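In the two assemblies presented below, subunit A is common to both, partnered first by subunit B and then by subunit C.
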Partner chain A sequence: MNSIDPVGLANTVLGGALLGGLIALSAVGLSLVLGVMKLVNLMHGQIVVLGAYVAFYLAAFWGISPLLALPIVFVLGFAFTAPVQRFILAPVAKHGEEAGLLTTFALAIILENLFIRFFSGDSRSLDTAFSRETLAIGPINLPTIYLIGFAISLTVCLAVWMLVTRTSFGRSLRASSEDPISAAIVGIHVSRVRWGTFALNGGLASMGGVLIALCFSFTPSSGSEYLLTAFAIIVLGGLGNIMGTFVGGIALGVIQSLGAYFMGDGYRTFVGLVMLIILLAIAPNGILKRRRSL
Partner chain B sequence: MHLSTRRRRLAGGLAFITATALALTGCSPIGADGGTSDSSDPIRIGATIPLSGTLAGFGSFLQWGYQHAVDEVNAAGGIMIDGTAREVELTLVDDKSDPNEVTSSIKTLISSTKVDALLGSCTPDLVNPGAVVADSQGVPFVAECTPIEVFKSVKEWTYAWDIFFSVADQAVAPFEALEANGIETNKQVFILHDNGPDGQAIGNEIWPVVAAEQGYTVAGNIEFPADNTDFSAAIQKAKESGADIVLISSITPAAISIRKQMAAIGWTPKVIVAEKGAEPVQFAEALGDLADGIIVGAYWDPSFGYPGAEELKDAFESETGLTSSQHIADSYTAAMVLMDAIAAAGSLDKDEINDAIGETDGIYAVGPVKFDDEHAAKIPVVSSQWQDGVPIIVWPTEQATGDFLFPVP
Partner chain C sequence: MKNGISILLSRIATPTRVGPRDFIVVAVLAAVAFAVPYFAGTYQQEVGFRILQLGALAAAWNIAAGYTGLVSLGSAAFFGIGVYTMAIASNAGLPIALCVLLAAVMAGLFALIVSPALFRLRGLYFTVGTLALAEAMRIFVVNSPWFGGQAGIFLTARAPKAYDLYWIALLIAVFVVVCVLLLLRSRWSYRMQAVRDDEDVASQLGVRTYRTKLWAFGLSGALIAIVGSIQALNQGIVQPNGGFGMSWTIDIVSVAIIGGMGTKVGPWVGAVFIVLLGEFLIQFPEIHLAVVGVVLVLVIRFMPNGIWGTLTLALQKNRNFS
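Here is the complex of A and B:
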C-alpha cells in the first residue's frame, strides 16, 4: 500500500459522506414501503432508473436542467407508481407477503426490458453546469454536484420526516405500520395510506435516480445495483427511520470510501457489506435506534 | 370456494405477469423455428449479441453489421449449396451482456435452431463462452471484437476463429501516438483497469511492461470490478500520484463514470487513454465535451480505403441516422468471411465450412484477413481521439484524419 496522504484521505472520506447522503434519497421510499407495507419492493431499483430516464429525456427534448426537473420527476414517479400499487400490488397483497415480493420481481423484469425496448441498452448520463465544478475549502476539494445533491437529499428527507411526524397522513402512516388492524378499527383507511406510501416512494426514488445519474452513468440494467445499495442503507439506518436512512447513507458512503481508499476500489462493496454485518451485530435496529437506546 | 377463486385470480395474475416478463426478456431466439434441413431450407447462421446490459453499446453495431452482410448476400441471390441457391437466415439473440446467457443461447441455437454456423458476440467475456460451446459441438464460429491474445489463450481451437487486433499492439499505440505527435509529459502513467479477461491482461501484464519499454514510469495500478460505479478513491489516488497520463481499461458505463468523477473533483490529467469503454459513440454522447481529447485504440476508419468501407459507413448512417462505429466493419467482415467460406465449401458440411474459413485470404471492409495457425487474424491498430463527438485518427500520422488534441481540455 502506498503512503497515506491526509488531504487525499480527507477528500475521499468527505466525498464519500456527501455521495452517501445524496444516494440516501433513493433509499428513503424503500424504507417507508418496507416499514409501512411490509413489502420488499424488488422493482425499487427500476423506479430509480426510471427517474434518471425521465430527467434525461426532459433535458434532451426540452432542455430542462436535471436539477430543475426534480419536481416534475417526482410527480411523474408518483403518478407512475400509484396505479401500480392500486391495481397490481394491492390485489395480490391479500395473498401474503410472498405474492407481493414475486409481483415486484416480475414488474422489475418487465420494466427493465421496457427500458431496453424504448430507450435502448446504451449507457446514459445526466449533466449540469455544476457537474464539473469543485468547491475548494483550503486543501479540500469537494465536487459541487455532491454538495448540491447532499443538500437536496437532506431537504427532501427532512420534508418527508415532517410529513411522517407532523401531519395527519403521517399519523395514519405510523399507525398503519405499527398495527394495521387497530388502525383500521379507529377509522384509518389503511389501503389508502399504503397507496400513498407506495406512490410517495415512487416519487422519491425517481428523484434519487436523477441525483445518482448526475454523478454516474446509468443503463436499463442499473436498477439491481441501486436496489442493493438502498437495502444496505435502510438496514444500516433502521427500517422506517427517515433520518436514520439519511445517516445510514452517509455512514455507508464513508465506510465504502475508506475501504476503497485503503484496499482499492475493488473492495468498495465488499468492505461496505462486511461493515454492515458488523454494525448489525452491534446495532441490529440501525445506527440511530442504537444511539437512542444508550 | 371463495379462497379457490382468489387463488385462481392470483395465479392468473402472476401467470400473466410472468408470461409478459418472459416475452419481454426474449427467452426464445428471434425467428427460431427449429425444423429439419432440406434443399429448400435457408442456410442458418446464429449469434448472440449484447443488446442490453453493460456491453449494450456494442450490440446494436454488431446487429447492423451482421444483418447488413446477410441482406447483401441474400439480395445477390444467396449462396449456392450443392448447386442450389439458398438464402441465409440470421438468428440473433440478446445475451444481455451475460456470459451464462451466451452459453445457454448458443446451445439453443445449435440444438433447437439447428444453425449451420455461428458468429460471435463482443468482448472476451461474451465471445469466449460462445466459442467454447461451438468448438466442443463442432459448429464453425467466426468472432471479432475480442483481442487475439485473449482468444488464443483460452484453448487450442478447432472450429472457432477470431478477427481482431492484438492487445499488445493496442497497448503500444497510445505511447507511439504521443511520441509521433511530439507530446511532452512527465512520463508517469497511472493505470485503472477492470478485472475482466482483457482488463487484467492489459492492465496487469501488458501496460506495465510496455510503459517501462517506452521509458515511462507506472505511478500506480488499481484494479476494480467490471461493474463498479464509484471510482472516487481510485481517482483520488491517481491525482495524488502526480501522473500526467491515465490509462483506463473498462466497459463503457465505468469509463463514463470515471471521466465524470475526474471532472467532479476538478482534476484533468494531460492525457487520458480509455480502452474498450470509450469506443462506442454512446461514450461521447453521454459525456459531451468531457469526451474531448480522450484516446482510444481503433482499427478502422472509412478513410483507410478498404473495399466497401465508405459504402458501409454511408449505408449505416443513412439507414439508422446514427454516427457509425468501427464495429460495423469488423462485424460485417466476420459475417462476410463466414458466408464466403460457406460459398467456397459449397456445402453445409460443418467440417468443409471450417476448412474453408481457415483458407480465407482476402481484403475485406475492415482490412486484410488471413488466419494464423492459432485461428486468429490480426487487424492493425491505430489510435483515435474523441474530438467534438467524432473519433479522429491521430496515429499513425500517415493515416491521421486530424490533429492531436493536447492536453485534454
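Here is the complex of A and C:
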C-alpha cells in the first residue's frame, strides 16, 4: 500500500465508524456493571459469544432471522445471567473485589470450555438475506448490515440511556453506583439493583454478540477478544457514560479500521489493545475517578 | 487499595518466618524428587515434569500477586517471551544455559518497559491492563514478520530425553523455591506486603512503591520466562498460540488460587492437585478445564485462602486453643 487512495480511506473510516457503533452495544452493559457493582466482569466476552450462539441455533433449527431473534436473545441472556449474579457473584462480594474478578475469570473458563464441548471449536457466522449487500453512497460502498446494526445499536443505547436517566430503576441504579451504603439507608434495595444491572448487562451483551456475529465469524474462544474490545470502548467513552460508550465505540471502530488499513488486517485487534493500554496509562484518573453524570 | 483476599491473607502471610528448617525441607524433598527417574517410568517423569513446571510458574506468579498484590493475568506474555527467546537464541547456536539466562533477562527488560504504563493502574485496572498486554503480545507475534507467524519456529537443538527434562525442571523448581525463600527472608518481602496491604500508606511510610513493585513484577516475570524457555525445549516447536496462549495464564492462576495465594507451599499443593485432576480427566480435555473452573469458583467462595492457607489457619487455631 504505497499511495493512499482517498475513496478507499473514506470507505475504511466510514465502515469503521459504523462497525464501532455496532460493537458499542456489547460494551454498554460492561460499563454499567463496573459502575454499579465495582466488578470487572471477565466473563463478559463469553456472554457476548453465548448470544451469538443462541442466534446461530435459533436460525439453524427454527429458521428465525438473527435480527428478529434479538428480543429472544435479550430475554435468554437476561435469564441466564440473573442467577449467576444472585447465587455465584453476590456471595463472594464480601471477600473483596478481587474475589469477584477471579470468580468471573473462572466462570469465563467454564463457559468457554462448555462452548467448545457442545458447540465444537468450528468457526461460525450468522447470515441474513442482506449479508452480502452493500449500499452505495456516491463512490463509497458500505455493507448494509453495518448500517442496520449501527441503527439497532444506537436505538438500544438510547433506550438504556432513557432507562438509566429517566426511570426510578435508573435512579436507584445511579444511587447504588454513587454510594451503596447511603442508597441502602434511603431504602433502595441495592442487592436487587445489582442483580438487575448484571442481568441487564447479560441481555445487552448477548444482543451485542448477535450484531458482531452478523459481521464477523466467531469461535468459542472469541470471548477474550470481545471482552478487551468492550473494555477499550468504555475506557474511551468514559466509565458509566452510556452515550459516551456509543461514541467511544465509533472512535475505536475508526482507529481499528485505520490500523487494519495501514498495517494489515491482522493488526485490527492489536491496535485497539495498544490504545487501551496507552489510554489506561495516560488517563488513569479519568477512569478511576468515576464520572458523576451517568 | 484494600481488597478482601489480601486482608484475609495478611493474617497468614505476614509472619512468614523463613528459617534454616525451610531450606532443609527443600533439600530433602529435592533429593527425593531427584531419585524419581531411577525407579519411575517415562509417564511418571512426564507427570512430575508438569507438576514441577506448574508449581514453579505459580510460585513465581505468587511473588507478584500473592505478596505484592499485583494480580496479573498477563503471565502468558512472560511465558511466551521465555519460549521465543529460547527458540531464537538456541537456533542461533547459543548454549542452552545461556539461552535460559537470556530468557530471564528479556522478561526483566519487558517488565521494565511496560511498568510505566502498567503501574499507573491499581487493583482491578492493573489486572485488565495485564490481560490486554498479553493478548496484544500474542497478536503481535502472530502478525509480525519476525517470529514465523502462526506456523512458529522449529528448534534445531536435539530434544532432551524425558528424564533430562525432568531434572532440568527440578533444578528450576528448586531455584524458584530458593528465590522465594530468600526473598521472604529479606526486607523486600516486608515492603512488598506493605504495598499489597495499602499502597498509599506504604508510600507515606517511606517505601519506594514503584521500585518495590517493579522488582516483584520483574522477578516474577523473569522466573516465569525461565520456565517458559524449558517448555520450548520440551515442545521442539514454538507457536504464538502455544507460547503466548491464555491457557498458561489460566493454569497459573488456578494453581496458585487453589493451592493458596500468598503462601510458600500453596502453589506446589495446587500444582499437584491440578496435574492429578488433569490426569484423571485426560480423556475429556474441555471438561477438565470446565471442572478446574468449577473448583476455582468453589475455592474462592468457600476457602479464599486456598487449600494450604485454610489448612495453616486451621492448625494455628488448634494450637491456640489446645
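As a working rule, the second predicted complex is superposed on the first by the 265 of 294 C-alpha atoms of A that agree within 3 Å, B and C clash if a C-alpha of one lies under 4 Å from a C-alpha of the other, contacts with A are read in each partner's own complex, and residues count from 1 in each chain.
Keep this in mind: a contact is a pair of C-beta atoms (placed from the backbone, for glycine too) under 8 Å apart; a residue touches a chain by one contact, two chains touch by 3 or more.
Source: prediction; values computed, not measured.
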Exercise. Which partner does A:R132 contact after superposing on A: first (subunit B), second (subunit C), both, neither?
Worked result: first
For this session: Have a look at where A:L228 lands relative to subunit B and subunit C in the superposition and call it first, second, both or neither.
Result: second
Exercise. Counting only touches as set out at the top, which of subunit B and subunit C does A:T103 meet: first, second, both, neither?
Worked result: both
For this session: Considering only the touch criterion stated at the top, classify A:V274 as touching first (subunit B), second (subunit C), both, or neither.
Result: second
For this session: For A:Q256, decide between first (touching subunit B), second (touching subunit C), both and neither.
Result: first
For this session: Could you say whether A:S168 touches subunit B, subunit C, both of them, or neither, answering first, second, both or neither?
Result: neither
Problem set entry | subunit B versus subunit C as contact partner of A:I145, first or second or both or neither | first
Exercise. Subunit A residues in contact: does subunit B have more, or subunit C?
Worked result: B
Exercise. Where does A:G15 make contact in the superposed view: on subunit B (first), on subunit C (second), on both, or on neither?
Worked result: first
Problem set entry | Doubly contacted residues of subunit A, that is, touched by subunit B and again by subunit C | 88, 91-92, 94-95, 99, 102-103, 106-107, 109-110, 112-114, 116-117, 225, 264, 266, 269
Problem set entry | Of subunit A, residues touching subunit C in the complex | 38, 40, 42, 88, 91-92, 94-99, 101-103, 105-110, 112-114, 116-117, 224-225, 227-228, 231-232, 264, 266-267, 269-270, 273-274, 276-278, 280-281, 284, 287-288
Problem set entry | In the complex with subunit A, residue positions of subunit B that touch it | 6-7, 9-10, 13-14, 17-18, 20-21, 24-26, 50-54, 56-57, 59-60, 96-97, 195, 220, 222-225, 227-234, 236-237, 239-240, 252-254, 256-257, 260-261, 263-266, 280, 282-283, 285-288, 290
Problem set entry | For the subunit C and subunit A complex, residues of the former touching the latter | 2-8, 71, 73, 114, 116-118, 120-125, 127-129, 131-133, 135-136, 139-140, 142-143, 246, 250, 253-254, 257, 286-287, 289-290, 292-294, 296-297, 300-301, 304
Exercise. How about subunit A: which of its residues touch subunit B in the complex?
Worked result: 2, 5, 8, 11-12, 15-16, 19, 88, 91-92, 94-95, 99, 102-103, 106-107, 109-110, 112-114, 116-117, 120-125, 127, 131-134, 136, 141, 143-146, 215-222, 225, 256-257, 260-261, 264-266, 268-269
